[in-house]
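Next come the structures, one after another.
Both complexes shown next keep subunit A, but they swap its partner, so subunit B is in the first and subunit C is in the second.
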Partner chain A sequence: MKTILLIVMFAIFLNPFAGISQELMNGQLIAQKTNDRNEGVSLKRDLIMELKDKRGKTRVRKTVALRKYFGKEKRLVIFYKTPTSVKGTAFLTFDYPDATKDDDQWLYLPALRKTRRISAANRGDYFLGTDLTYEDIKLETKISNNDYNYKTMGREKIDGHDCYVIEAIPKDASIEKELGYSKAKFWIDSQIWMMRKSESWDTAGNFLKTVKVSDIKKVQNIWTIHHINVVNHKTKHQTTFKFENNDYDAALGDDYFTKEALVDGL
Partner chain B sequence: MLYIQHKSLIMKQNRVEAFFNKVTRNHKVILILCGILFITSISFIPKLTKDTRYDAFLPAKDSVLVKRNELKKLFGLKDPMVIAVINEEGIFNKKSLEIVHKLSETLKKVPGIDPDQITSLSTENNIKGTETGIVVDPFYEIEELTELKALEVSKNIDDFELYQGSLVSKDKTTTLIVAEMLDSYDRKQHEVYNSLYEIVSNLEEENHTFYLAGEGAVSGYLIKYIDEDAMRTNPFAGLVIALILIFAYRTVRGVLLPNLMVLASVGIALGLMAAFGVDFFVITNGLPVVLIAIAVADGIHILGEYYESAAKFPEYTQRELVVHTMLKMWRPITITSITTIGGFMSIALSSYMPPMIYFGIFGALGVCIALLYALFMIPSAMMLLKPQKSKVFKTADTVDIYGNIMVSLGKVVIKRPKAILTIALLIIILGIGGALKLLINEDRIKNFQGDEPLVLADKIINQKTDGTSYLDVLIETPNEEDLFKIENLHKIDSLQNYIETLPYVKGSTSIVDFIKKMNQSMNENREEFYRIPENNQLVAQYFLLYSASGDPTDFDNYVDYDYKLANVRFRMNSGEYINEKMVVHKAQEFIDTHFKSSSIKATLSGKVALDTHWLSKLGFNHFLGAIIALLVVLIVAGFSFKSFTAGFLTVVPVTISVLFLYTVMGIMDIWLAVGTSMFAAIAIGVGVDFAVHTIDRLKYFLKEENLKITDAFNQFYKSAGRALLFNFLALALGFSVLMTSSVPPLNQFGFLVAVAVVVSFIGSMTLLPAIILIFKPNFFINK
Partner chain C sequence: MDYKNIYIIAIFYLLIFLSVTKTTYAQEKIKKTLKEKLETSLVVNSDISYEFKTKKNQKSEVILKPEFTYKFTRKSKLIFKGQIYSELQDNLETGTPDENTVSDFSKRLFIGDRTNLELRELYFYTRLRNGLKLSIGKQQIVWGETDGLKLLDIVNPQNFREFLLDDFEDSRIPLWSIKSEFDIQSIGVQLLWIPDKTYHITQDFNAPYFTKSLFKIPPSGVTQELHQADKPTKFFKDSDVGIKFTTFVDGWDISINYLYYYDDLPVFYSRLSQPNTNPTIVINPKYERQQMVGGTFNKVIGSFTFRGELVYVFGQNFISDDPNAHLNIEKSNVYKSALGIDYLKGEYLLSAQLFNEWLVEDITPYNKDTFETNVTFLISKEMLNDNLKAELLWVHSINHKDGYITPQISYWVTTNTQLFLNGNLFYGDDNQLFGQFKDRSRASFGFKWSL
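Up next is the complex of A and B:
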């Protein structure tokens, strides 16, 4: 008995993680820092979505995406350029800062010449056939302030950048169901406070997705993402987002972010 | 000249004698070798894997099967386990839907079930039009389920034609939970079946009944079913054979030695199957019993001769007795083994289906092993024993009751040869008529007894819903997004409309159904908009709209990722070949006229098309197999008797036995199916033994001993006739053991071969002597 006790004590003594946690930054604080980042007020960019199914067949959709903050409210509009079959299709979303208020979303279908309202999607629903959810799109690699209890696990390097590794567990069952994740892990760059990688598990505890963010560069002095890759481990479906021609200075009048503007296109 | 012939005969005789002298001198080495071969072979048996899937009936390289597997991979199609939840008062209430949810969730955790491939009311999405747009939502969420919500689900199903009949029965009393298995469980479907069966049979909910069926369940249960069946039939066959041997010789060695031989034949054949990685199929289950019945014959004849010799030559040493016996018996048992091997090999040569090919090959191998053990092991084992007499053969002239029975039969033949000939001719005429009317049919569910829970489940599910027999049609177009084209969608739609009018086809699902539904949803759910929209772009944009709230992989089972290929799945409520064949032919005709262009192509696939493909070869292969077997027998017998007349006479009784069976099959409504189709070749290969022995002995008594016909017949019936009687009993009763099998095809196969054996035995014992009496061929009679 004594020997076992000794071994246990020795093991605790040797455990490299014991004691370190005090030096690591608190997870909630890290989440906050990702939210405090400068994103500029407006942004115009080309967004190329490459969707790949498990057999390696791809769909490429070229779009132009505009984003602008109206105070704390964020509006995003996406105009489809190719393929021809969906050219002119446009998607508009209003993200309200009030979490209790459902976001508004519309899709304009040129073949029908009608703008359709999309009823409030679950935050965990897939965004327009991609592997990212509406919530992922909304956060744009920020970490939610309100949904998770965080635990900082340590530090690791991703693509040569020092990152905090934080584990996130949804605060309650309803959030878990809404998000579709039972657990997530984030790798947050400790210099620029951007997420470089994340992993998530579905509500049944199966390994679900890996998100990798790369090619982060400064554009007009703002740290900007140029590449996101998402692999869904369950469906083997993959999504790549490429952001090109990022422009924070483009003149984006408020009128772009209206239902009426969807019809006219860019 | 005669002298030279005689000399060469004596020289040959001497060589054979020298050979068996060598065998008896090295008996210990031989026994050790036999033991090693046996033990090494059976050590592989635990590695045998069972394959009960219907895919197993086609060679892996078959083009139709290859195409089908591509299609399965492309669209993620599997042979599912199907659970039916039935509430005669209707399933759209809170409790029933709770059960569906609970069961669906339970299934997700069953090892071997793909948790993402469960289809039920609780997993599927409804596509609904709203005032402003379109919503893709689960039919219900368990947290929000109320009686009112259940009624709403009912209403939603009313609006969603796609799920009527496929997911929910039209009378709303039944809903299905369809679960697909992981590929890694292809050979372990029985494990999944067992888990599911346990779950389903432990469910007790008031007013609800549960059934488990589907192609996956059939394959899974078959593995378990044939295992249990083998456990029963194999020992029973062994017991029957042992009893016959006890009656034949009433000595320990007379029972033991032939049984050892049988054990070796079955054990080595199955061991080699395992060693070569050949799967154990449903019909393989009949192989051990068949080998038991066949292999014992050599032993019966050798021991019969041994005891006769022991009675005749009491002064002989054991070696002299053994060598004398082998000298007399090696030839007939070699010939009969070769003809039996010929029977098995003609199945292997004429068949297209691997289960039958392997049945033929390993059956032939088993007979080969039996012959080897008869020629080497039995004489060697006898050398360990002292000379012995059987009570049955006290002196050279003793004739027991069995001998007497045969002698009286001989008297009938001598009296009424013409009557016998007339009966034979009648059987031939009736048989040809029967052969022309033979019904080629098959149904996998008929592999089980009619009162099995699975059969009941299958029947109920087929009655209540669209059924679980699938015909898949692969649609191919040359360019990306061609399946957004309106003209292509209309073609698919017309294909669905046409095939759905065919009997037993109850419903179908394709991407077109979803497009129609989306169009309706986008037009305020108005019924008249449940149709294909007017322009290509709109179709593409519907899919984009759908993806705003649906999953990216939702249509994986119906259309490929770049909209070039689509799968249309038709559901039939019959798995019978004749029904499937009719649908496949009509569908193919339609495709040939409407899908001829280079812009769209259609190919039939799925279980229904596969069944039609392999079963279409069954009838031809059956007759081909029978003809090859007859030719083999004719050639082997002709050469070994050095006479065409003798060869021809050898095939007469077996031909009659097979023709007789065609009549029996017609009267008893037995299908020519996978199991039964093998009967003819086996019956020929096995049944011919009687004719071989008869002709060999009769020639000996008539030509060499130069006896008068009546004396020769008398001698023949009491010695060879008696041995043949036991040989016959062993075969007939051995094959009859298969009739106790609970696998109906094996059961029928056993019955048919047993009857064929009876007919060819009677034919050999009556018709052949009658022909000799009437026609007095030169081969037998010194003129």
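Up next is the complex of A and C:
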């Protein structure tokens, strides 16, 4: 018996991570769980964006964001309400469940009264002056199933909540170029499978952004984010997203999620 | 338009408004305060333009744009957009224009020579339970997707006070009309009925942006006599109507459009008269019916967006160079197309467009080739999280080797205040569409403030 115990202890000594790896969940599975969480079928909410530059100049944009699932296809539309300078701007995206099919995106510009198609290949571009990209906006803090290879690094507490820490490396150079990230780290709440923090590095390997998610609470029995802060360490610019009046029971007709509806507004 | 027609329009719109409002109120009532139901905003826009050739200010304008939206329910609203326009030098539209091309209901109210008030838009919008969407009232209806030059965007006429330099949003003249939209399975249908008989506002002979290239210069010793244009007057019979089908299939955005309308420029019928042996060219302009069939498409491939517009106009009239042409006018069907490619990457937008126009019949139009090509290039860059934008638009006629270049830089000082500096540089022959304005090249500086 003594001999067996010694052999086990020796094995653990040789491979100190063996015990931990048994406890840590596979990174891909964690990413999947962030996608599997209940989001409701539809959601209407006010989204307030505060954009602050390195000199402290702040611009505030109030929008109404609608989201609805059409089967497995997700459609998201954002209508800008204030300030007057961007009022009427609207953004629509069709997010297809087939990973091989590019999303379709439109941006309505009221000053031109024109709706522009936006290439999904530009998903790494920044969304209308904020510090999140079009892809970040679409994912709504979920972790992409298809773009990264994941490695679970350990567990840490964020604001008192137990989180898995996973490292994400883009699967290939073209994805890295599209996303604008060479590496990312995500802190995923192990109980509710929501991201509480992320860090990302640009394609040159420089530390780029920190995203902090807070004020997560249940609305109509669905875990809901109320606050996101994004700091761009390169530009020193930061954006705060506040989500208010979340309503999963709002009756959202299908015709809100069309190119024509962007013109009519809410 | 006589007063009988005004009454008919007023009663017609009132009846539709009341019936639709009653229906939508019955559908859904929301108990909100007036403050929650009413959205207000104000935009103040001011700019000064310096003309290089004359070394004088070309314009000093201040524009106030109040806007109100009153939400009756979540699905119905009334939108008001007004405008107070002051051109402090009274240079672009000298004096008080008679606005003969504008219907009585759409005329501006001039206060002196320098200021006018305009009801830009006033319409009621509602979404009914059966999916039908209605917009009733004075509004802008925009078809097409091209930049810089227009092809399909002909539903609303335009004020050419600044030729093509004004923002289309400001130069487009809203019309009293009814727009209804509904879906038949995956096809969107838009129906238009436009009883408003307002046409392009072109400028007088002495205005900076008078488009002289459209008119033949009379031979020496011959005078011209321009008569009042013969405008359509019948309320129903002379209305414009249109239909648009839209769909989205396999990543292709497609629309098919049809418009039965009066051309926004009159046909300048002319004849030589010799009263008391003084040769005179008598011009009798008349607005004529036309039909247009067209469509748009766009598709994203990688980082590129490919888009196009195709238009076929039936029976367009042209001033002729043929001495045998009846009243100096010839008619031809016209095929027009615009193909564009946009490349959007990061903070950069690069866009190029190729416009073609082909007169199908064998005619000899004045100052125009039977096949014409224009190209446009647009480069823009957003910087500092969209605070700063630099842009360059170049419009060039391949046939006539004229065009214009517009560089612009704009900066958001605060959330509500934007400064901008731009230039409009024309080049080419004096007798061509763009080249005729080369003495009008200018630099402008201004600001936009909103509340």
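Keep in mind that, in the parts below, the second predicted complex is superposed on the first by the 244 of 266 C-alpha atoms of A that agree within 3 Å, B and C clash if a C-alpha of one lies under 4 Å from a C-alpha of the other, contacts with A are read in each partner's own complex, and residues count from 1 in each chain.
Note that in this section a contact is a pair of C-beta atoms (placed from the backbone, for glycine too) under 8 Å apart; a residue touches a chain by one contact, two chains touch by 3 or more.
Nothing here was measured: the structure is a model prediction, and the numbers come from that model.
In the model built by aligning both structures on subunit A, subunit B clashes with subunit C.
Within the superposed three-chain model, A:Thr89 lies in touch with subunit B and out of touch with subunit C [touch as defined at top].
In the overlay built on the shared chain, the residue A:Ile118 is in contact with subunit B and with subunit C.
Residue contacts after overlaying the shared chain place A:Lys234 against subunit B, while subunit C stays out of touching range. Within the superposed three-chain model, A:Ala204 lies in touch with subunit B and out of touch with subunit C [touch as defined at top]. Once chain A of one complex is fitted onto chain A of the other, the partner contacts of A:Leu24 are absent, as it touches neither subunit B nor subunit C. Shared-chain residue A:Ile222: touches no atom of subunit B or subunit C.
When the two structures are aligned on the shared chain, A:Val60 is found in touch with subunit C, with no touch to subunit B. In the superposition on chain A, contact is made by A:Asp104 with subunit C only, not with subunit B.
The clashing stretch of subunit B relative to subunit C, chosen from 526-534, 580-588 or 598-606, is 526-534 in the chain A superposition. Overlap of the subunit B and subunit C interfaces on subunit A: residues 51, 53, 57-59, 83-85, 111-112, 116-119, 121, 125-126, 128-131, 235, 237. On the side of subunit A, the complex with subunit C involves touching residues 51, 53, 57-60, 81, 83-85, 87, 102, 104, 111-122, 125-126, 128-131, 235, 237, 253, 255, 258-260, 264. For subunit C in complex with subunit A, the residues that touch the partner chain are 39, 41-43, 67, 125, 127, 131, 133, 135, 140, 142, 145, 147, 167-169, 181, 183, 188, 190, 246, 248, 251, 253, 298-300, 302-305, 307, 342, 344-347, 382, 384-387, 412, 414-416, 418, 448, 450-451. By the touch criterion stated above, subunit A contacts subunit B in their complex at residues 51, 53, 55, 57-59, 80, 83-86, 89, 91, 105, 107, 109-112, 116-119, 121, 125-131, 204, 206, 234-235, 237. Across the complex, subunit B meets subunit A through its residues 74, 108, 115-116, 130, 132-135, 481, 484, 522, 535-542, 544-545, 547-553, 556, 560-562.
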